[in-house]
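Encoded as structure tokens, here's the structure I'll be asking about.
Labels run A, B, C and D following the written order; every chain starts at residue 1.
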Amino acid sequence: MTVRIAVIGAGIMGADHARIIAGDLPGAVLQVVCDASPERARMVAEECGARDIATDPLATIARSDVDAVLIASPDETHAALTLAAIRAGKPVLCEKPLAPNSADCLRVIEAEMRAGRPFVQVGFMRRFDPSYAEMKALLDDGTLGRAVLMHNFHRNVSAPANFTGLMAITNSAPHEFDVARFVLDTDYTSISAFQPAGVDASRAGAPVFMVLETAGGQLVNIEVNNTAAYGYDVRGELVGEKGSVFLNAPVHARINVGLKSLERYAPDWRPRFAEAYRLQNKAWLRFVETGMPWPVAANAWDGYRATLTAEAGVKALSNGARAVIERAERPAFYRH
Amino acid sequence: MTVRIAVIGAGIMGADHARIIAGDLPGAVLQVVCDASPERARMVAEECGARDIATDPLATIARSDVDAVLIASPDETHAALTLAAIRAGKPVLCEKPLAPNSADCLRVIEAEMRAGRPFVQVGFMRRFDPSYAEMKALLDDGTLGRAVLMHNFHRNVSAPANFTGLMAITNSAPHEFDVARFVLDTDYTSISAFQPAGVDASRAGAPVFMVLETAGGQLVNIEVNNTAAYGYDVRGELVGEKGSVFLNAPVHARINVGLKSLERYAPDWRPRFAEAYRLQNKAWLRFVETGMPWPVAANAWDGYRATLTAEAGVKALSNGARAVIERAERPAFYRH
Amino acid sequence: MTVRIAVIGAGIMGADHARIIAGDLPGAVLQVVCDASPERARMVAEECGARDIATDPLATIARSDVDAVLIASPDETHAALTLAAIRAGKPVLCEKPLAPNSADCLRVIEAEMRAGRPFVQVGFMRRFDPSYAEMKALLDDGTLGRAVLMHNFHRNVSAPANFTGLMAITNSAPHEFDVARFVLDTDYTSISAFQPAGVDASRAGAPVFMVLETAGGQLVNIEVNNTAAYGYDVRGELVGEKGSVFLNAPVHARINVGLKSLERYAPDWRPRFAEAYRLQNKAWLRFVETGMPWPVAANAWDGYRATLTAEAGVKALSNGARAVIERAERPAFYRH
Amino acid sequence: MTVRIAVIGAGIMGADHARIIAGDLPGAVLQVVCDASPERARMVAEECGARDIATDPLATIARSDVDAVLIASPDETHAALTLAAIRAGKPVLCEKPLAPNSADCLRVIEAEMRAGRPFVQVGFMRRFDPSYAEMKALLDDGTLGRAVLMHNFHRNVSAPANFTGLMAITNSAPHEFDVARFVLDTDYTSISAFQPAGVDASRAGAPVFMVLETAGGQLVNIEVNNTAAYGYDVRGELVGEKGSVFLNAPVHARINVGLKSLERYAPDWRPRFAEAYRLQNKAWLRFVETGMPWPVAANAWDGYRATLTAEAGVKALSNGARAVIERAERPAFYRH
């Protein structure tokens, strides 16, 4: 029994997903690559051996030869396409964010709950990264004692071309918002946000530093720095009452040359999280095959909370004051 | 077009290969798991969803519903089963060693050359490990300058139960013999072997230290220490005229606890080389599909040279003197 | 020309200073060890070969056979003893803080300025630590570009016995307040303070997290965690527009044992900062000999700013809001 | 009671020793700097505040205002000057080697034993390096179990101008010969030596690899590579039956810049071993003051064994065969 998958959006993310589906997921078939640009769709389809290409996402979702949908189109289309997939009764892996605003996230949640069974996995792939997994395991098995603080650092060489002022909070930080919630198994109650005065806040990629309080009593600190220049670098430390743990990034060589001992950074996120994407997509395929959400995967509720937190972060930065994050009980539907 | 694979041998290695074939190789099907013990075969077959089990390896190789054969049976059966596969016209991935003695390796080479096309890939998976790949790339792109020395360290917690005196040279070291030849793109001309006087040389796992000279003018040093106690640890450094490079093992977390900052070793090789096995088997599947050997993969000639080097190493240790390793030109058949 | 030094206070800090003076400072003589407890004074004096002991600090400062005074008595006595030394015309190395409140610090400043020449060095020894020195050099030589963020982590195994609720801010953090000001060559304009909700804030050693804004436009983040359990650990990273730098602590060995690769933490600060104390005291001796303050040393103004920042930090934590730190121009007297 | 020291030889080593004596050793006075070149002597004397300069080493040793002698003159003068100091009844710290040939070392030993008390400390400063000290402590306290192998790597950017062919063995390796003997508390029984065929063995700085067997049953491997290009780098690992330990060099910063995470190497040995020299000279001053050799310091016997081992190494390399190192019991005089 093969699962026929449509990838919607053939940009960097969509192309990567297409490669994983075609090359690393036994049981999956890359059925359609859909993009507004037929050239772009064709290029990815050819590279990966997709069976067909398309330009209309809604028609693609509706096709009878498509069993499941991977959404990697622009952020503002995520919610509408996810809703279409739910209506069509087809499981979705939706790249983050589920939607750029929390109201649209809630619409997806309502639709999915009404449908009576889970359809949506959100692409917070860090939950599958072996280093976060080990961090969480060390907390869960008691090695670290009770969690107290978590420090997160998210750095890019330079901001993507399409970035505008606050996307450090709305587009980059959601990865940290989600993975810290996941590791700590709690939710946020407030957020404060700071920006170095020396930077132009309206400039794309201006660094932001956030301090979040959790219902579990921890502080979660997040630096997002999309103009870090020196390399793609995601770091993290979880501090417990008995010890702490740092994430290690995969680095394959240490080089001695020119009076330096050095390890290399990649210019973007792909080498750092290649294994996380592969494992995430494998887990999603299991979910499609069985109808059972994979335990660590992010669902629509997690997507909603990440977006809600980002909205509060934007408010906190503009007000220069702690912003409350409205609490809400996770519906039973989303407890798995 | 799906490739139906028989795995022969359902021990630790065979089971790992079965998992990779079933879980990570689109285009492959785990057709048969064959083991002298039907219980063992069944256990692995059930875990991985194999279509059938068997106990007779020759009959398994001959089955018309088997397209390719992965040999993970005891070392002394490797050559005979590989020869059977060649006769049956079926591609083979043979776990190392190709054979425990060089004469049997030569028999495989003759059969394969007579058959007129390549059938055999040898399971020297380190060639696919990202850290060795990066080491080789840094040599090939000139970063390190001309190679001068290579230091290799191969340590196990304790020797496997079936280990006897010289298997450090004949069973463990071939991994280093092969990967250093591969990285340096040369071959050995001599080997010297030393053993700490304080250890009982007949004892399984007694450490051995070897110094090899290459046709390219380098020294290749190898410590094999199967009683290293502290963890599975493979290290390596390549020293060139302009710089050097160390292999990094994948480690996902750094833990602070109890007055220590620590990273953990696994008790065996699997986490260290999981990615190498996956990539190796993927490359082999391409070879099966296309008939074209994967460029970096080890072939029967490489298997022969590793076994020949081990034989010289045994002689060097017993004589306490440098042993010459007979040179031979790689046949054109094996240049790819 | 030998400098005869009185050490006032023979606790842990005073004893360490006595050892440095006696064992590592050519040109210095340990003339008197003074402590309220004559036994404690005698013990340190005997270990270090001091010429005399005493119990009255003011009388000790006044002795004609004492050329300079090192103050390592309890915090609340620092200002009064420093003032006495200024009156006696004798140079002082005063352990931090210069005084627990900023008003007393200002009194020292007034007295020193009235005296017309510098007498006071404050024991912010981190300025002499080779790792902070290298961090600062990398900023000053342009390697890092303009400074944007500085992350500071100050962790102890457990809080000292005499610690009470807010001493994380008033006693521990001043080291970070001072060294970040020093590295960045700026001063603070505001401080925000957070505490994990799960800890009892009145408990000694409860962790505190602070975010400071600087006149130079940087954010300075400080974790003080005196109940970190796993070891004494001071970390720091300075992030600039072109790169970042981490402090490395001195660690002499990496140990492989018991499935771990580990480095050891000391239970307290002494091994981490031994070299910094030695270099600081050597610089102070030069100051005593020449009358010229050592360029990187902390003076009374620096001591005042650190205490003022701590006072604002206490206010910020109790109000749950950003506290302004009153700016003031560094007097010309303290620019060297 | 002040010790008046003459430094003989004002080259790089002599100047460093003069700085340590003048700046870091309370109780010592830099009385004379003696060098064949009066300009060189004057330069060092002025920098360090020496009381006098001289050009005649024998006359300097004989001066009544000189209590002890530090010999940092060219290697071939070491033995004669050390003998002169013994005759004058003055303690000596002699830079390594004690003499370039073992016969001269034996002459020093005879003279010292005839004199009836110890006078000579040899400048094998690595015994005082904190990383070797920790390595030895981990062996001595049982953490590592019984020692099995020791790997040593000694790399320079480029060979000193005065280097000729075999000085890798006779001049560089003695540091490793001595420190491995010291750490393992044993002596050598044989040495084998190898050289990469691709290098011109007569060329200064050609790399050499040595394997030594010890009376304690260990293998000691040594790479000396004086043309390593990338930096001054001394590494070492001691492998025991229960675990292993690596030396850590002091590095104060880790820098992220230009797609690299890097630590810097110094171009020469001074930063790596600054602390070892300081502690060595401090220990020697105690020896001068008390007449009791410092427990870990190298004495004339150790100097002799290092030179004898180097002589065997030269023979082993030229013969291409294991060379026996003649055993001899350490005289009671040298057991302390």
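Assume contacts are C-beta pairs under 8 Å (C-beta built on N, C-alpha and C of every residue); 3 or more make two chains touch, one makes a residue touch a chain.
A quick note: this is a predicted structure, and the numbers were derived from the prediction, not measured.
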Partner chains shared by subunit C and subunit D (touch criterion as defined above): A, B
Chain separated most widely from subunit B, comparing mean CA positions: C
Intercentroid distance (Cα basis), subunit C paired with subunit A, Å: 43
Subunit A-subunit D separation of Cα centroids, rounded to whole Å: 57
Sites on subunit A at which at least two other chains make contact: 230, 242-244, 256-258, 263
Parts of subunit C lying in touch with subunit B, wherever the complex brings them together: 157, 229-231, 233, 256-267
Subunit A contact footprint on subunit B (complex, rising order): 22-28, 130-131, 133-135, 138, 143-144, 242-248, 250-258, 263
Parts of subunit A lying in touch with subunit C, wherever the complex brings them together: 145-146, 148-149, 151, 192, 194-199, 207, 209, 211, 213, 216-219, 221, 223, 225, 227-230, 239, 241-244, 320-322
